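Next come two complexes, and both contain subunit A; in the first it sits with subunit B, in the second with subunit C.
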Partner chain A sequence: MFGGLREKLRAARDRLGSSIQAAAVKAEPAEKATVDLPALPVIAPAGSAAPVLSSPTFVDKVRVLITERELIVSEKDVNEALSELEMTLLESDVALPATDAIIDSVEKNLVGRHRKIGESVDTLVVHALKTALLDVLGKGFDLKDYIAKHDRPVKILFTGVNGTGKTTTVAKIGAYLKKEGFTVVIGAGDTYRAGAIEQIGVHAERLGIRIIQHKEGADPSAVLFDAVQYAQSHKIDVVLADTAGRFHNKANLMSQLEKIKRVMKPDLVVYVDEAVAGNDAVTRAAEFDRTVGADAVVLTKADMDSRGGAAISIAHTIGKPLMFLGTGQAYDDIIPFEPEKVVDELLDGGA
Partner chain B sequence: MDQRELMTLQNYLQEYGQQAEIFVQQLQMLENGRLEAHAAIEALEEMLTAEDGTVLLQIGGGASVRAKVIEPEKVLIAIGSEVVVERPNKEAVDFLKERIMEMEASQKKVAETLDRLRAQMNEINKRIESGYQQAMASGQMPG
Partner chain C sequence: MMLDGLSASLKDALKKLAGKSVVDRAAVDELVKDLQRALISSDVNVKLVMELSKAIRTRSLEEEPPKGMNVREHVLRIVYQELVRLVWASTDVRLEPQTILMAGLQGGGKTTTTAKLARYFQKKGMKVGVICADTFRPGAFDQISTLCAKINVPCFGNPQEKDALKITREGLAALKDQELIIVDTQGRHALEADLIREIIDLNLLTKATHRWLVIDAALGQQASEQAKRFHEAIGIDGVIITKMDGTAKGGGAMSAVAETKSGIAFIGSGETIEDLERFDPDGFISRLLGMGDLKALVERANEAINPEDVDVNAMMKGKFTLRDMYKQLEALNKMGPLKQIMGMLPLGNMQLPEGVYDVTSTKMVRYRIIMDSMTPKELDDPALINSSRMQRIAHGAGATPDEVRELLKYYKMMQRTLKGLRGSGGGKFNMQRLMKRFSGMQ
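Showing the complex of A and B:
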């Protein structure tokens, strides 16, 4: 997963590290020269207006170079490496606002930092990259925790465009929740696509999950209303509502989704798209969020996505957390999105 | 094997078929992207050697015009995230070559998944066939 991005981040990390290292080497002769300066006051006497003390940068440098034997990472040291990092992120399909946020954060974390001689440059760089990535990835979304803290049944409505693996995702999340000890009912709300009811029916049967379904072409709001009623009367923990794939510019399908929302009153609206769609997935998610709203996002086919752009940028760009990543064909090929874990993997578990 | 079991297998087959169709589409999209990138590399390299910078510019519908590229050394290239940057010709070619490698790696992964799906479909097909044969032998045709 995200192998290409991992490699590129590794290169960017090395590049940043070597830039800082080169600056440190350059600073060595300056240190020797500074040591020869006679009687430079390290600490300013209170209230002193001596000219040498009116230049805090100089004093700071002296203090850092002589007293504490540290180096300051300057903007100049990392500028070029940061531009390369920026290109790397854009080439990996990380959205522009997310790229900007990462670059700003890395810069803030590095520039002006007092690096102690002996402290590993790599530690410094990895820390800066990690902080930046965690900032844009947000906190993720713990579904188990959400269900535990809300009234049952928790109603989850799945939306998204055609062919991204929405129905399979509903089945996978059903399997995940069942494994975690929750009771689940699936509402076969995709009454539009030929064979969709059978498809989700097959999944439900395999997983031993109850499914509520009507005939093809039936009103999806009615199906999902029935699913909620069933869950209420049978004290089921979670209702997973599948819906037809739709494009945000199809007015009739979007108004149908509005009706579904009015009728079943979902606690969560989850937008499903594929990670391989890259920046398109981010744009579509933003559009869906604007028109019908979304509380969380699931990205499918993450195992086939080498760039990782959508996964990195979606939470930051639309302001909604990433909940799960789909990583294969089997029911248990779905992983809760945990930012710390993803960042550690991207940075090779570094520092 | 009873009728219900046969129906379930048919449903599995249909579901796998739909999934396979999506992967085939994806494979086709990747192939188109790969060929397009190859064509772009060829054009960029030719542009540098073209006499007085004149090239044939396709304008769609099979029509082309002779066009003079003012700066064949500078290429505007979409690098992702809807961002277009100016790069020297050589760097743009390198970038496209890297993209081709990425697409080929993705193609390989999609093709592997597709193979797995097809193997599963074959397996189901065999079971359906033997189910039908059993039904025929016992004089019951599943409807």
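Showing the complex of A and C:
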């Protein structure tokens, strides 16, 4: 996961670094010149000597360079590299709006900054990128911590479009929580898709997790209500509520989801999407967030050589933390998402 | 329709060009930039977008517009041609005995599509059988067998068996009386080496006629890479785009098509078993650009290169008869709805009231019918038409004399307009006024 993005980001980082370096080299002769010849202007107030030069920014640059031993990063220095960074992000499935935001942030962070000559360009760039990415990714979400701090049973509702891996994710999170010592019950709320009840049923059986299910075609709200009832009467810690995949542009299905939410009153609504989704990830995350809300996000299929852009897009769009990454077909192929770690790995890993 | 978002942005890009009187380098650059953003935000592979836009840019600037075509039409035609090249043709789907192997990523909709395909071929009168070779996902066999039972298609599978090859071998034997067999497989991605090995073996075992790759419309930049690896493994010869009823634009799937040099076989756009459409590339691109039937327009452009229907020169000389008008209307009819024609005309970006088009295009049909009951003499010399002739014409066309009168009024207006067009100075070709009058006449 994120392997591709990491490589590309490193390349972009090098580019940014080198173009700033190049700018510094260009400034170098000026530095020598000023150091050799007019030792005066430095001492004398620049006010009298400066107007001779047409570009005040140049004077500024030189002054800063000499007096403070710093460079000013200009827009021109980073433009080309930034457009390369833009392409990198787009190629990594970061949606267009999120890409624009990141580029803006990096640019703002770099342009006009004073850089000490001794300070490494790399540090500067990494810092700018890191700030931008962390900004977008926000904080992670610690599920264990959340459950520990809330009244039992903690009810978690899983939503998302078709085929993103909700059912598999429910099973994986069930396995994860069980391993962490919590008791879990699963509500088989996908009563629509043929074979869905059997699918989650087999998972639950394998994992030794209790499951509440009705027949195919039953009202999902009723199933999930029963699951909550069961958890309450049996003092179970967590209810994991699976639902049928639905498209955010189908009003009746979305209102069914609203009804489910009214009936089972979840503590957490978890939005599930796949790491390989492109720009649509933004549209649908926004729509789900708007209609039924989303408290956290799970990103599945992160093992598909994916560049992880969807994580950035979704986080940027709805501003909700990423909780887990699904990384394979086995039950333990799920890892809690820690933004700092991921960003560090992206920018420093293997370097 | 499904591609609304993309259409809107591309349309904007093209509109910008429409406002330009001369297509200069800057205008083309702007169009290409907008086009890039539009395609990228529809998940078309970034590299592909770059190649595409480069080709469009070069051709727009270097190719001489064909005679009879204005610069905007020329650029539009290039955009269209390059986009069509991307999704090339629709995959050939024959109604003959064959085996179809389904391949794709997890959660792409293979199983649902398998059932839809079974239904499609069944409706075409073929004897269809399905093999469930998905031995991994729990409930997969329940899912496909439930769907197959609903449409009475035999479905072979065994949820206890873990060997997909064994199931398929048995399935092929059990379903040997069926004309068409669809093999549903488990979801896999290109990095899962043993699963790729498995599908290679399945392909060899089934000697599949077709190997179709099922791609989720929402799949992003990953699509090309995945398609490439699947293609290397088993030779994909068709792509099925699923989940087109969401808001995803299918750019990833388009890239997959370009990568495999195959075509789009079907489009899945709904949850019921009937929700499967054959793919029509021209329609797809036209919708993509939000411009109706562009293919007809491109053909029209080709006609413009060697015109035969409408003798523009004669018309410009002022010799414009009902017969010319008839030909014009006929040509318009061939080209499709008036709306797109108006869009293609070199009118700049003038705004026409919505609804005008529909009324007028039905009216055009009426006019043609009326002219059909005129004599050749009347067509050549409309001045001949007196009230008794008018009665006769109306009678013959099943129209009222008022309608005939309206037609003649329209003819005179056209004639005047053309004269104005020919003459310099005051009589400027004012389409807007013409349309206003036209809509006033309804």
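Here, the second predicted complex is superposed on the first by the 316 of 351 C-alpha atoms of A that agree within 3 Å, B and C clash if a C-alpha of one lies under 4 Å from a C-alpha of the other, contacts with A are read in each partner's own complex, and residues count from 1 in each chain.
By our rule, contacts are C-beta pairs under 8 Å (C-beta built on N, C-alpha and C of every residue); 3 or more make two chains touch, one makes a residue touch a chain.
Since this is a predicted model, take the numbers as computed values, not measurements.
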Report clash or fit for the pair subunit B and subunit C bound to subunit A in the combined superposed model.
clash
Touching partner for A:A11 - first (subunit B), second (subunit C), both, neither:
neither
Examine A:L90 and indicate which partner it touches, taking first as subunit B and second as subunit C; both and neither are also allowed.
both
Let me test your reading of the model: by the given contact rule, A:A148 touches which partner, first (subunit B), second (subunit C), both or neither?
neither
Look at A:A281 in the shared chain and tell me whether it touches subunit B only, subunit C only, both, or neither; answer first, second, both or neither.
second
With the two structures laid over each other on chain A, which partner does A:F247 touch: subunit B (first), subunit C (second), both, or neither?
second
In the overlay, work out which of subunit B or subunit C sits against more residues of subunit A.
C
Applying the document's definition of touch, where does A:Q199 land relative to subunit B and subunit C: first, second, both, or neither?
both
187-195, 385-393 or 403-411: stretch of subunit C that collides with subunit B
187-195
Based on the A-chain superposition described above, do subunit B and subunit C contact any of the same residues on subunit A, and if so which?
87, 90-93, 95-96, 163, 195, 198-199, 201-203, 276, 278-279, 303-304, 306-307, 309, 329
If we count contacts the way the header does, which residues on subunit A are in touch with subunit C in the complex?
87, 90-93, 95-96, 161-165, 192-203, 216, 247-250, 274, 276-281, 283-284, 287, 300-301, 303-307, 309-310, 329
Touch list for subunit C against partner subunit A, complex
5, 37, 40-43, 46-47, 105-109, 111, 136-144, 146-147, 189-191, 216-223, 225-226, 242-243, 245-249, 251-252, 271
Interface residues, subunit A side, partner subunit B - complex:
4, 87, 90-96, 99, 163, 168, 195, 198-199, 201-203, 205, 276, 278-279, 303-304, 306-307, 309, 313, 329
Note: in the complex, subunit B contacts subunit A through residues 8, 11-12, 14-15, 18-19, 22, 25-26, 79-83, 85, 95, 102, 105-106, 109-110, 113, 116-117
